[in-house]
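Two complexes follow with subunit A in common, the first pairing it with subunit B and the second with subunit C.
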Partner chain A sequence: MTETTTTEPWLDSNQKPYIQIENVTKKFGDFTAIDNLSLNIYKNEFFSLLGPSGCGKTTLLRMLAGFERFTEGRVLVDGEDISEIPPHLRPINMMFQSYALFPHMTVEKNIAFGLKQDKLPDNIINQRVEEMLELVELTDFAKRKPGQLSGGQSQRVALARSLAKQPKLLLLDEPLGALDKRLREQTQFELMDIQEKLEVTFVIVTHDQEEAMTVSSRIGVMDSGKLIQVATPTQIYEAPINREVADFIGDVNIFKGIYKGQDETGTQLLSEDSKSIIYATQKVDVPVGNRIWFALRPEKLEITRKLPEVDFNILKGKIEDIGYGGSFSTYHVKLENGRQLTAIRANRERTAEHHLTWGDEVYLHWAPHSAVVLLS
Partner chain B sequence: MTRFSKFNVSAIIIGFTFLYLPIILLILFSFNESRLVTVWAGFSTKWYVELMQNQGIKDAAWVTFKVAFISSSVATFLGTIAGLVMTRFGKFRGRTLFSGMIYAPMVMPEVILGLSTLLTFITLAIDRGVLTVTLAHITFSMCYVSVIIQSRMSSYDDSINEAALDLGCTPFRTFLLITFPIILPAVVSGWLLSFTMSLDDLVIASFTSGPGSTTLPMKIYSMVRLGVTPEINAVSTILVGLVTAGVITASLIGKRQRQQLAQS
Partner chain C sequence: MSIKEIQIPVFLKRTFNGRNVAISIPYLWLLLLFLFPFVIVLKISLAQPVIAMPPYTPLFSWGDSLWPKIQAGLDSYLFLFSDSLYIKAYLSSIKIATISTVLTLIIGYAIAYSIARAPTRWRGILLMLVILPFWTSFLIRVYAWIGILKTEGLLNLALMTLGVIEKPLIIMNTDLAVYIGIVYSYLPFMILPLYANLEKMDMNLLEAAADLGCRPFKTFWTVTIPLSLPGILAGCFLVFIPVIGEFVIPDLLGGTQTLMIGKVLWGEFFYNRDWPVASAVAIIMLLLLIVPIILYQKSQEKAIS
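And then the complex of A and B:
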């Protein structure tokens, strides 16, 4: 295997997937939690399962760990069918959302627990525990009990414990959900470092789209037990396949309208939000007259007081609300038809001269290549 | 600063007097020199000495401890299992019935419970004695243990067990190494509670005991019928002391456990 193939193995048909989830279905009574789902995950990937609560992402993770049996389908890890293997015999470890530290054992004993189950000699266990403590920078806390640790420390103990057995695959269930924002952002980078250093395949479940974007090599967006889109964070953000994904990942302005055909500027859309035709570069393959949608990220909408020197993709509106975010500001602009759009502008100027303020009449404009055309 | 208002202070005094005056009097008069229970004639421990020489009371005490120890141990074992089943096995056929049956002895009048166990023993032709008292005590104290275990398990994070399984521990070892040590304080306080309840039970014991299996509360009751003596006060004082110690220990264990939970 060459270096170039390892960064995006999913594009290379010669690469063998490490985890193959094949047509897996899970039913709880009448409720279908996972609906005929197939997914390939490659070695050393940092794969995120992202979706609203109740979409089945945690169920899928628990099935990989062996805590839920699936109704149909099978799962292969490194070519081996693990569907019938009970959790304690799987070469997979999991980090739990609640951390699930053993409250009656010290940090050290918690980390050593999995190694002890494998009946490894004491000197190897001690050495491995030490390595793990160093990895998560908790050497000084070895003798503490979980009750005496902060949230961030508990999180690192849980991570060290799940990594101690050097699993082929590590599952992380909302690993950063219980941390505050600052610590969470810092820990995201630590997780990525550790994942690269140890070369473990990570599958992480999260409902936090920013977290998924930051850490993952690929993201699987789930809803109602199905995978809607599996792609890199950039693709998910810049080229969502439908309105649901576009809406779930980040903020988005959606223009509903009728497809009016192509010209040299691009795809034409007749929308009730604009008096004239609006354009997007991306081509579509549907009959003229079909309903289609344009999706525009707020930062791709240019907001100005002066009329832009172009003759298309211009919307006029009034500033309703401003959210000052320091490095950028979020503007809610009300169009003449009452529709509200969101635009984000970086605050490059320190002085107030160029600032837009409440009630200002403004123009919104976007380049045709910034818009995504959606068919559903 | 209304905390020490006249009303609060007097309420506490009246309340505590109402609850504890009889017990305090009993303890006080167990150290009375005089044989008359109502006349104070100076401090003495002679009734305790006399107690030690009373073979009847010593026998009854031995029976009581034997019964209390065995019944609380068995009740703890069964009650723990029942509590775990109720909390860990989710829904199963007959769960509501089972849960009702666990709670029944708590709400059933003791007389009925005593009578029905007596009838059972007669029907099964089991001779009444230490064994029958023990069995009867297991029946009613087991439900208290199961309630304590259930309340502990309701705040138990199931993913702790899953984490152990995930790390390669078999389900049985997970129970031994993880679940049991974590709920141990609840098990111990369940045992202490059953022990003290068995110690002070009179009604059920009188229904189910036979010759040679007179328990201490029964012995005291029968002695009182011949007149209250300082000796009875002395033995009751010891009993009160034991029960108090048991209940306090159980509640301290519970308190410590709650603090641990609050920390983690």
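And then the complex of A and C:
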């Protein structure tokens, strides 16, 4: 079988989506948890559902697993409508946030549980279990019970168990939520390796935007049961479609203002944060006089003590706070109108020659192409 | 004299610290209300019956000598093994207790399971309904069963009116009536520990089993039952142990052929007035119960750790 492999199948209209979520709605009484949501996910994707708690991302995941029935719509996996199939017959496995390991079974038995349900011969089950233990590097722990494992080990057993049946789709509900930061970062890369090695489609639910950015091929940002934006991590970060997405993914400085038209430098904005017009390269198609916003990531704001040698996009302020983050420092700068902006600067030198300190008068500047224009 | 000068000896301080006092209260309670009466019963079981007040020979008699003469013998115990009635009564008690424990477990599990899976706001009310019968006297409730089960009772009346049966069922004064009475009376003792266990069970485990391809019925046997084992054991012991010595239910609902050790004990005390034999019956019963009580303790300790 020859399959054209593209790194971005969602851009190719000839590619058939692997998971098709079509106009799905889920209501709990009067509350609409999922609101007419449609989404295509492609084979071997590592798709993240990202959003604040209560946005419906877990409900959507549980519907894919079959634990919740949807009120309207349908879901197709590999062309097959699975809407009416009960969870134990779906070719989908899930890794639970709490791991949900069976406490009365050893690690080995936990991993073998799913295979036993398929009535596979013992030698095949044993072989699969061994492969899985090797994959998650827990061969020495096969005979232990879940109570005797650390958080990280439990997480790997849960992963091994959910992968043992070679599902068409693996759902991961906050898979790294219970791990500490260091282990979480390490495990993110392991997850990506495993996903590539086994060629399983992953859908992961997370509220951790850094995690979503690191692991995903694409991210779906959700709020109030709707998908606000579905795009690659870069697009989501660099070109959010509205203030909500911009604000949810990373830190952002937002300038509110009135659209004043275009010139050769770019889109003009009259903002109360600046005495002169500020610019962004990105063009917009709205009438002059409309309210628009500029979004600017903190690392794209240059912070200097000397006046930059440009004649636009300069704001003057005073350093209110400095957060030393080791590789970078975060500066909170108060503008003359009292507005506070955030700028990040990499600490390139070990002891900065002309380092900035509290109370310094500084200038903030950004290149027009660094700012994103938002219409809502 | 200042307070500082009063020296409390170290050993006294160690003995009477708050922790030791707190621990000693339940032990004192057990000593007074369990061990002490037990020793009296043990003493009586070693005596001879006499027609007197009290109806047994004293353990110590002085007579003329300076030293007390100890009068003790195992006659009562030997008598228990010489008459097959007692062994039959013990075995029959164990049989009735076992069967009724199993019946109580099956019914109790179903009830506890449904309460634990009911919507949260209903659970409190449902649990209250389980405990509600305790608000009336146990004796009255057993008497009520006579009204239900007797030949011209409510059950027969209902079944005959509905045309299910033509002749009344003979349930009263049979072993069946005893089982009904025991299962009814002891059900709360089974439901409560089972509910406590099932209620805190992680529902994700059942979902995980389903997710891995396990049918609901099989999930029940491979996940729910093994995980509720501590609750099952607690409930079974809480029913089995008191049912062994049950007297009221077999006496009121059972027939003459219903043989239980509690009834035999009653008979020895009040009809035969053979206190030493009655005491011996009680002591042997206690010895029989030690095995399940120790097992129960072990399972509880395991559940705690």
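Rule of thumb we're sticking to: the second predicted complex is superposed on the first by the 370 of 376 C-alpha atoms of A that agree within 3 Å, B and C clash if a C-alpha of one lies under 4 Å from a C-alpha of the other, contacts with A are read in each partner's own complex, and residues count from 1 in each chain.
Methods note: a residue touches a chain if its C-beta (ideal position, glycine included) is under 8 Å from a C-beta of that chain, and two chains touch if they have at least 3 such contacts.
Here the structure is a predicted model, which is why all the values come from computation and not from measurement.
Trainee: Will subunit C clash with subunit B on subunit A after the two structures are superposed, or do they fit?
Mentor: On the superposed model, which is not a single observed complex, subunit B and subunit C clash.
Trainee: Let me test your reading of the model: by the given contact rule, A:165 touches which partner, first (subunit B), second (subunit C), both or neither?
Mentor: both
Trainee: Please indicate which partner A:147 is in contact with in the superposed arrangement: first for subunit B, second for subunit C, both, or neither.
Mentor: first
Trainee: Quick check for you: in the superposed arrangement, does A:117 touch first (subunit B), second (subunit C), both or neither?
Mentor: A:117 contacts both subunit B and subunit C.
Trainee: Now for A:184: first (subunit B), second (subunit C), both, or neither, which partner does it touch?
Mentor: neither
Trainee: Touching subunit B and also subunit C: which subunit A residues?
Mentor: Shared contact residues on subunit A (touching subunit B in one complex, subunit C in the other): 65-67, 86-89, 92-94, 96, 98, 100-104, 113-114, 117-118, 161-162, 165.
Trainee: Contact residues on subunit C for subunit A in the complex?
Mentor: Subunit C reaches subunit A through residues 202, 204-205, 207-216, 218, 223, 226-227.
Trainee: Help me check something: in the complex, which residues belonging to subunit A touch subunit B?
Mentor: 65-67, 86-90, 92-94, 96-98, 100-104, 113-114, 117-118, 146-148, 161-162, 165
Trainee: For subunit B, which residues count as touching subunit A in their complex?
Mentor: Those in contact with subunit A are residues 157, 159-160, 162-171, 173, 178, 181-182, 260, 263-264.
Trainee: Quick check on the complex: what are the subunit A residues that touch subunit C?
Mentor: These residues of subunit A touch subunit C: 65-67, 86-89, 92-94, 96, 98, 100-104, 113-114, 117-118, 161-162, 165.
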